[in-house]
Each structure stands twice: as structure tokens, then as C-alpha cells.
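Shared chain: chain A. Partners: chain B in the first complex, chain C in the second.
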Partner chain A sequence: MESGDLTHGRGKLASWWRENALAIGLIFPAIAVLTVIIILPALNLFWISFNNYSPGIGSDFVGLGNYTSLIRDTGFQAAALRNVAYVVGVVLLQLLTGMGIALLLDNALPLRTLWTICLIAPFAVSPIVAVVSWKYLLDPSFGLVNYLITRLGLPPVPWFNGPATSMAGVVIVAVWKGFSFIAIILFAALRAIPSELKEAARIDGATPLQVFRYVKFPLILPALSIVALFEIIHAVREFDIIQTMTGGGPGTSTELFSNYLYRQAFGNFYFGLGASVGWIMLVVTVVLASPVIWRTYQRMFSLETAGR
Partner chain B sequence: MSAYLRQRAVLFFLLALAVIWAIFPIAFMLGSSFKPSGMIWAYPPAFVASPTLDNYRQISVLHPEFWGNILNSLLVTSVTTVLTVAMALGSAFVFSRVRRRWLHVPAFTMILVRMFPPIIIIIPLFPVFNDLGILDTPIPLVLGGIAFSVSAATLLLKTFVDDVPIALEEAAMIDGCSHLGAFIRITVPVLKPATAAIALVVAIATWNEYLFPLVFTSADARTAPVTIAIALDNEDGVSWGAVMAMAAIHLLPPLTLVALLHKQLVNVMSAGAVKG
Partner chain C sequence: MNRGVLGISVAALLLFGSQSHADDQDLLVLSSQLHQNNLRAMGFAKGGVDAVAPFEEKNHLKVNFNIMTSSQLQSALPRVGMLSSSKEDLIYISQSTANPRIKAFLAPLDDYLAKTPIEGFPGNWVPAAVKAATIDGKIYMLPVRCGTEILWVNKEYMAGQGIAGIPKTPEELYDAAKKGTFTKPSGEKVYGFSSPGDKYDIPMTMAIMARMYGGDLVDESGQVVINKPEAVKAVELLRRMYAEGLMPPNWTTVDSDQLFRDGHLTMEFGGASYLSQLEALGSAVAGKAEPAYVPLEKSLWTADRQYSASGMFYWGIGILRGSQHKDMAFSLVQHVAEPWAQSAMADNGNSPCTLDLLTKIGEKDAGVRIGTDTLKISRPPLPGSPRMSEIADKVGIAIQNIVANGAPVQETLDALASDLTSILAE
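So, the complex of A and B:
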């Protein structure tokens, strides 16, 4: 290679650098944090999941050992099945309450701003504060909920006494914390529907139910499927509410993937076993989210005319 | 007309139910935090009659560390929010205004990593933070907070940058600004409402974070949610008065900000679902 080519190549590199330095400099901090805090640890997690690893004690390569012990562990099987049921139950209830409330708000109402603020409030509440509020209401001996139930002539519910009542408490808090986000987004989607469309349907004699079925629902479906997906992903990783409300108990009867992972890793110091749960959660999440990941990626650069 | 009235009555009844469902649990908790100790366990449950600050004084007796924890929460939340928003503004500018093939790589990275469950990093990073001697400092909380907020904040902000005509920036560039200078002087001020709402979402997520402080702190750098959770988990019986007072203090800042910024918040969140 002639030395002229070399300097020419260097010149190209230098001019490429000059052209791209600003972009690189501006995205570098974010990408650096993502790499150090998420991407490298996620790869390391994959490696740890093939080892019997306890920090400070040692590490042995065990191949798929952690995954096979997971599959054989009845505690993990139960947590996995419970997590599936939890995702279906919680997300359905969240969607029903969220959509119902969005439809209520989409009416001519006095003081609508005030009602909107009230209905957004749970979004601001931390999981732990939600758990404090609801645990006080649900307390089996002095709680307001049981008082109201007995006033209706029904037997009091022994909240947190067994697996079913504990899980019910968790589901109530999860639905209460999650419906706001859905209601807000669907309310915005409903308001974006041109009012002529609804008017036209009404003039043609459509009942409110038909207006919903044939006009509103199809038009909010894209937003609905996205929020549903976000809530599903969130329900797969649920940790805080269960950890602070039941601690995964009684026994391990309300544990989901995350609580099982936490107990194995930070209770028993089985980091390898915990890592295999983490890796399973990651794969499940990415598979479930792949439609949104792909759609967002395609849209991001399809707007060649952005800002023009 | 009576059919119309009946319809309105049903509507208002359902709305009342929805509003009660949404705010009664926190309203009752806030009210109960002012109950004198005897009333907290009263059955039938009592509503506040003679409010007192006893429960708030009890915090200093039972959980004196709580005030320091709140300061830690404030520190971690403000640093994380400022850094995340600054990084997101820079990245959003690049993704919206710069056209280069290689940018697909960082963009796809952000879109993918945004979905990762935060719990997966605690196992690999715990030993690393331990070796670095930064466990029980705010550093892991800030880094974790940024890592799990910056992608969503960037992608969301980019959709708002896209809506600002680039011609405005070009006009400033003719007057001698660099492109970045024009972006900061012309576009960033236009984005203020969206940026404020995105900052609020980041701040709420960080303020409410439970997992990272649970794992990465033990005393000095602990934030409020972990202390409240420990107080709620007391096997010798929960001191409900102090627990609710702490929860009330922790709840008030995000609740106030959401009430003040609700319009921008609704706008930004729905943009995330519709455009993102």
C-alpha cells in the first residue's frame, strides 16, 4: 500500500469523525450507562446461569444444571404457573376497569379535570404506599373492608390468612395501581376520535353499545394493544407489591418469578439458580415485547421527513 | 327526557364509584395518619375526629432513620432525573435530526433494552458494586435509575422533537448558531411542557423505586420505600400510626406534582402509547 493511500484513509477517518463527533458525543453518555448497567450485566447473567455461584464462596461450571434443577423444583413450577395466571387475571381486570373508566370520562361531565386528576392519582403512588393503604383497609381484625362486608351480612374475609386471600389482596393492589395508566391512555385515544364519526353513527340510529363496538373500539384498539402489552410485561416482572405485602407467603404460596429469584439469590445465595430465573424472565419478556420492539424500531427511522 | 336523565344518573353513579375506587384508599390512609393512637385500631373503623400530629412525632421515636432516608430519596431522585433528562435530550436530538446509518445500532439498543426487567441486573452487579466499594452509596441507585429510564425518555422525547419544524433551527443556524446551539436555543424551550412531564415520570419511577435500594443499600444510602416496607413487616405488630405517617410523607410530593402537571402528563403518556 502506498503511503499516499494511508494518509488518504486517515483523512477519510478524520473527516468521518468530524462529521459524526457531535452525534457520538451526545449519545455516548446514555449508551455508556446502558452498556455498563444493563447490557454487560445481562450477558454476565447468562454466564452465571451456567454456574453454581455464590459470591465470596466460589463458582463451578455446571452447564445446564441450574435450568434442570429449576424445572424439577416444585416451588419454581408453582411460581411459574402462578405468574401466568397472575398475568392473565391482573391484566384483564386492569383493562376492564381502565377501559370502563376511560369511557366514563369520555362523556360531557362537569368538573372533568378534577375527576381526571383523581383517576390519575394511583399512578403517582409507590407500590409500598399502595400496599400500606390497602393493608390497613383489608386488615382482618379492624379493617374497613371487612367491616363493610359484615355490615352487608356476609362472613368476614380472613385476609392474608392463606394463599387465596393473600393473592386476592395482591391482585387488588396491582389492579388499583395499574388501571390509571390504561384509563389515561384510552381516554386520550377516545378523545382523538373525530366527534363527527360518533355523531354520524348516532344519527344513523346506533345505540351507545353499537357506537362503542363499531366506532370507538376499533379506533382505540392500537392504543389498547400497546397498553395491554406493557401491562403484561409489567405483570411478568411484578416484585414490589408481593414482596412488601405478603413476602411471597404464607410459605412461598404467593411467589412469582421475581420473588423466587430474589429468595434464591439473596436469601439462599444461590446466584446461579437466580440467574437462570432471570434469564428466563428476560427471554419471555423480549419474546412478548417483540411486536412493539419491531414496530418502534421501524417507525423510528421511517419518518425521514421528521421536523421538515 | 327522563331516559336522558336516567342515563345521566347512571353515569354519575358509576363515575362516583370510579373516583372512590381511585382515591379512597390513599385518602383514608392520609386521614388515618392524623388519628390519635387509640382510634387507629378502633372497630368499627373511625374517621378522624380530633386530628393530631402524634404519628408524625412517633416517626422520630420508632424510625429516626426515616428523615435521612427521605433526604437520600430526594438526592437520588433529583440527580437521576436531571442526568436522565439531559442525556435523553441529547440522544433525542441525534435520533431526530441526524441521519446516519450507524445510528440504527444505538437506536435499536435503546428500544430493546427498554423492555428488560430491572431485576436481572441485581445478580451480576451486586458482586461488582461490592468489589468497587459502592454498595450502600447513592451511586448504584442513580446508575440503575438512569439505565432503566433513559431509553424510554429518549424515545418519547424524540417523538416530540420530530414535531418541531427543523426550519426554526435552520433560521438560527443562518444567524451563526451551530446546529446543537440552535437546538438548545430554539427547540428545547418549545419542548418544555413535554420535557417537564417526562422528567416527572422519571422522578416518580426513581422516587418510588424499591428493588434497587433493597438490594444495593443497607443503612446510610437507604431510601424511604425500604424503610416503610421494613416497618410494615414488623412481626411484633405493625405501628400503624408511624407507618401511615411515613407513607403519607412519601406520597405527598409525587401526588402534588401529578395534580399540577396532569395535562402534560396525559399528553406525554398517550404520545408514548400512540406514537412510540
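So, the complex of A and C:
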């Protein structure tokens, strides 16, 4: 009996191996590279996070000391809260703008091809070049944005003169950088909706808002969830816009996790503390992204079950 | 066809092979654009003499540069310096990084200097820079760029706005900044005053401002005095000028040197050797920029001196611990120290660290003359502590919080002083 089970088990394993050998062979190089360049350094970083490591000074094992000092540090607390607010605010604005543009494009906007090309343009520009250009555009004294604002008869905005105008400048650039990707993905999802469904809803007397609410929105929700997930992850680890535009300032008023990490690790040379921030960022990303991942997978599995 | 492809491949391999062989001999220097301009007569120094070319020719190699910003150089030092074997050979180090920590990243120069001494070193070099380069009795870098910050004014704007003369006291500086803030008929705004406001530059700005009132950040005995009345007055002046719109609203992020060069400022604190940059092609202030001493509170004037000690800066060049070409790297250090190379670099806009050359340049360049006078009484903004970066970071954040974010002056400076005292005590 036992011997039969064993033979059966071996047979199943052999059959599983025959079925998946090619797939495993294909992904093996990628897994090996990921292990060397991501997993092993990440584990090393995890170890460093338990040490008070500062190059040129030395290293002491401090256990959870870095994590507890971070939790007590008011600067880190402020950066954490600011980062959560930034994720919520920026991702919401990106989604709303992206969705609005996708709907406009889907509703046969004149010159649709031209607008689609314009949407792709931000991808063609190097991120740092784009951010530096925005810094010049938003210059409070000599920038084009304030020039246009004053031409409209409005008072100029003192960009970057304090926490509010600095964060506003950063958010504008972050939304600009992200919304086009969302718009393109959602536009593709909207185009994939069978026109019969929309037509049927209209014949049944649905208003455009109801067509969107009950037909389009549920069908683009999986795509929306995926882009939201990407943007959440991106916003949690936002670095380049802030570092280039404000350096996290004035003071630390625009500092997020990544800038805090950079300042501690590469500015003050506290690599152990920086490593702890990195691991906290990972946890925060997982926590913020998990509802979206959970919802997407739930939906995927329910569709798969329904398909069967 | 196949033979053609094979031929091209073999030729490419041979070319690649010979290239990599040549690369093995080359030196790689981590520096800022300014240092490269000074050494290689590039950028604003275009048309000058390439101070490195004779070295390359003599040794049949190339000296390559990896260009970074000052703060990137600061963060590159521990990254590259910790490696036991690095492709990079030399690195420029500023006063904000030159601290006891560099022992772990750089090779000491003493053995090389014992074998082949550098003419006039250290006697002819600025003493404070040599002192900073010496840690536990060993020399880790050769000071190559030294100077002080001085006051630069736009003569045209000063005259146009009815400003009587160069400000000599902090009060006069404020008055001149007020009058010097105006809008041109074209609608273009001109601000009365600025000084670098980036977090890592603020200790220098703060040192200059505090020393105008006879104060400091940390005094010569190592006592933290950033919350004393003199420094408080300095921060209040900075905040007042910012709040009244006499300084650019984006002071914490803007490049004030660029603003001055573009004709958007009436006055700025800038390097004493800036004249060649300010007179260079494309500068909006060519023929209009005038150097001046940093003002000093009248009660501190003496018969000999009516100007402030300002702040001293220096850059040194050191050999990375992991360099595979240490001997050749030292040869380059030695070459750069030669009077001819020093002179060529000075012509390319460098402010040298050799006293005889500083004096000589001062005869022609009013900015350098003022800078050299100031250098005699000046010091770097902060003392050389292994945690200097953290100190600078805390000073930068606190001052930005006060000036731009409206934090209470005395309370913020008291908290800062307490932090700095505990850091320096460790």
C-alpha cells in the first residue's frame, strides 16, 4: 500500500516535471539573476538594518535599535504620514485625470491620434530631464507657469517658498508624470469593451453617467486595479521628483521615505538606519498595495471559477 | 559574406582588446564639473590651457573624469572608498567631507611624499586646508582649491537703484538689498540679495552671516554658539530679507550663483575666484560685477579690519584606497601641485591653495585679493568631526525651517545647539 503510494507519488512528480520542465528552464536564468541582484542584497540589507553601520566609523550589532529609534524619531513619523498622504493624494489625482482623459479619448475626441501621441510624450523624456524642466517652468520669478498665470490676470504663485507651495509643485509634477500611463491603459481597456454592451444600455434608456457606472467602470476595474497598484508602489518609493525639485525641503517639509532614507544613508552615512527605512518601506508598500492585489486576484480567481 | 562578417568581428575584438588594454593604464577621477573645467580648460574656462594634457602625453595614458554634483561626491566617497579594489583612482573632497572618517577611504600620501616630495608643500599651502587634510599626523589629500566667500555686487543695479556704496555693515547690507530689489521695465524681477540656500550649503551661508555679527556656528574652542545672540541676529536678518521678498522665494532650491550671473540679483555671497566666470561669454554681468569684503558690524571694526571673517572653503584631491594605480595617481597629484599646473588651473578660474600664487593672482584679480585678505582670518564653517555631514544636515534643516517655514528663531536654534553639542561630544 505504502509502496504503491510512493510509486504513485513519484509518477505524479515525474509527470509534473515533464509538464513544467520547459517553463522552469526558461525562468531559471531570470530567477538566478534576481537572486544575485535582488534577493541576496536584500537579505544583506536586512542584516545591516540590525547594525549601527556607518562607513569609516564601524559597525555594532544593535538588534532592533534602528527600528525603535525610527519609530521614536519625529522626523521619520512626519515623513511616514506625509508619504501616506502623498500616496493617497497623488494616486487619486492621477487616476481621476487619467480616467477623464481615457473617457474623452474613448468618446471619439477630435484629433484622437494626436492626443494619444501627446500622452506618450512624457515617456520619451528622461525622468530627470523632465523634472528639471518642470523646476524651471515652476520657477516663481522667471518660470513659464507664473508668466501664464499673470497673463490671465491672476497673482503669481510663490512656488517653493514654503511647505505648501513646495508640495503643490511636487504633486503637479508627480501627477503629470503618472497620469498618461493610466490614461493609455484605461483607454485600451475602454476600447476593449464590446460596443453591443454600451449600445444595449443606451437602448434601455441609460444616461451616459449610468453607462459609465454600470457598464464601463466594472469592465475596466481590473485594468484600473493594476495601474493603481503600479502607481501606489511608485508613489511609496517616490524619490527623483522630490530630490531634484526641493531636496526634501524647505526643512524636511516635502521629505518622503526615500528622501529620508537617502539623507540618513548617503547624506549622514547611517547605512544601518537607511537599511531599516528600506525594510519599513517594503512593509508599507505591501500593506498599501495588498487590498488592490487581493481584490484583483479574488476577481481573477472568481472569473476562472466561473469560466470552468 | 560570412568571411566579411568574420573579418569585422575579429577587427572589432582586436579593437576592443586594445581599448581595454589602454583603459587599464588610464586614471579615473571623481570630481565636479567645476574641477574638470579648471583642470581641462572646459566650460567657462574654454580657451584656457589644459593642465592635464602634458601629464597624459608624458605617461601615455588618459585621465578620465566622472562628473558629479558636490553632494553626489560626498555620498560617493564612502561607497567607492570602502572598496578594496576600485576602478576610480582619485576623488575631490570638500571641507564638508574632509573629516577623520576619510582615513578609511583614502590612501595616506606620506610615503609617496617622503619618496618624491612636492615642491613647497606644505609651507606654501593655505595652513587651514593642510590642517584639514592631516588626520592623526598623516596627510590624506592635497588641497587644490581654496578660497573664501565674498560679497559680489552688480554695479549697474547699485547705481541705478541709488545705492550709495558697497555695504560695510549688516544693516547696510539689508538697506542695499531692499533698494536693490526691483522690477525691470520688461517685467523681469531682480532680487536684492541671495546666498546658497541648499541644505548642504547653508552652514557656509550661516557662518558668513553669523560672523558678520562676530558670532559663529561652533567657535574655535569647539563650543556650539549657534544659539547665541550674534547668530540669532544673523538668522533674523536672513529671515527678514526672505520674508520681505528681498531674496528669491525659491531660495532653498535655486542656484544663486547662476541667478547673479544671469543678472537677477543685485548682491550675493559667492566665491572669491568667480570673476572669470562672471566675465565669461554668456554672463549677463560681464563688466558689471564688483567684488567686496563681507560686511562686519560696526562695533567690531578695528583700525586694521572692517570686514568679516566670512567662511573658508577648500577642496582636496585624494587617492582612493582601492585604486589599482596608486603610484600613477600620486604622479597626477604631484603634477597638479606643480607651479605651472597651478598657474594654468588658476587661469582656468581655480582659486589655488598655494600662498605665493594667491598673492600673485590678487595683484590682477580684485576678488582673489579680497579673498586672500579674508583667508588670513577665515575658517571653514564647521569643525572636522566624523559626523560633520549630520551636523551640516541639522544646520541646513533648522535654518530652512526658520527662514522659509517660519519656525521660531530662538527655540529652533536652542534645540539645534543642543543636538550639535551632543553630536560633537561623542
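The working rule: the second predicted complex is superposed on the first by the 249 of 308 C-alpha atoms of A that agree within 3 Å, B and C clash if a C-alpha of one lies under 4 Å from a C-alpha of the other, contacts with A are read in each partner's own complex, and residues count from 1 in each chain.
We adopt the following convention: a residue touches a chain if its C-beta (ideal position, glycine included) is under 8 Å from a C-beta of that chain, and two chains touch if they have at least 3 such contacts.
Keep in mind the model is a prediction, meaning the values are calculated, not measured.
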Chain A as common anchor, with chain B and chain C clashing or fitting: clash
Chain B versus chain C as contact partner of A:Pro218, first or second or both or neither: neither
Chain B versus chain C as contact partner of A:Ile57, first or second or both or neither: second
Which superposed partner A:Pro291 touches (first chain B, second chain C, both, neither): neither
Broader residue contact with chain A after superposition on the shared chain, chain B or chain C: B
Touching partner for A:Pro194 - first (chain B), second (chain C), both, neither: neither
First (chain B), second (chain C), both or neither touched by A:Pro163: second
Touched partner set for A:Ser133, first chain B, second chain C, both or neither: first
First (chain B), second (chain C), both or neither touched by A:Gly11: neither
Touched partner set for A:Ser253, first chain B, second chain C, both or neither: second
Which superposed partner A:Phe266 touches (first chain B, second chain C, both, neither): both
On chain A, positions contacted by chain B and by chain C: 55, 135, 141-142, 247, 266
Contact set on chain A toward chain B in their complex: 20, 22-23, 26-27, 29-31, 33-34, 36-42, 44-45, 48, 55, 97, 100-101, 104, 107, 109, 113, 115-137, 141-144, 147, 176, 180-181, 184-185, 187-189, 192, 222-223, 226-227, 230, 233, 236-237, 239-240, 243-244, 247, 258, 261-262, 265-266, 271, 274-275, 278-279, 281-282, 285-286, 289, 292-293, 296-297, 299-301, 303-304, 306-308
Interface residues, chain C side, partner chain A - complex: 71, 74-75, 78-79, 81-82, 101-105, 188-189, 191, 198-200, 248-250, 252-254, 264, 386-387, 389-390, 393, 396-398, 400-401, 403-407
List of chain A residues in touch with chain C within their complex: 55-57, 135, 139-142, 158-163, 245-253, 263, 266-270
Partner chain A, residues of chain B touching it in the complex: 11, 14-15, 18-19, 21-23, 25-26, 28-29, 32, 41-45, 87-88, 90-91, 93-100, 102-104, 106-113, 115-128, 130, 143-144, 146-148, 150-151, 154-155, 158, 161-167, 179-180, 204, 207-208, 210-211, 214-215, 225, 228-229, 232-233, 240, 243-244, 247, 250-251, 254-255, 257-259, 262, 265-267, 269-270, 273-276
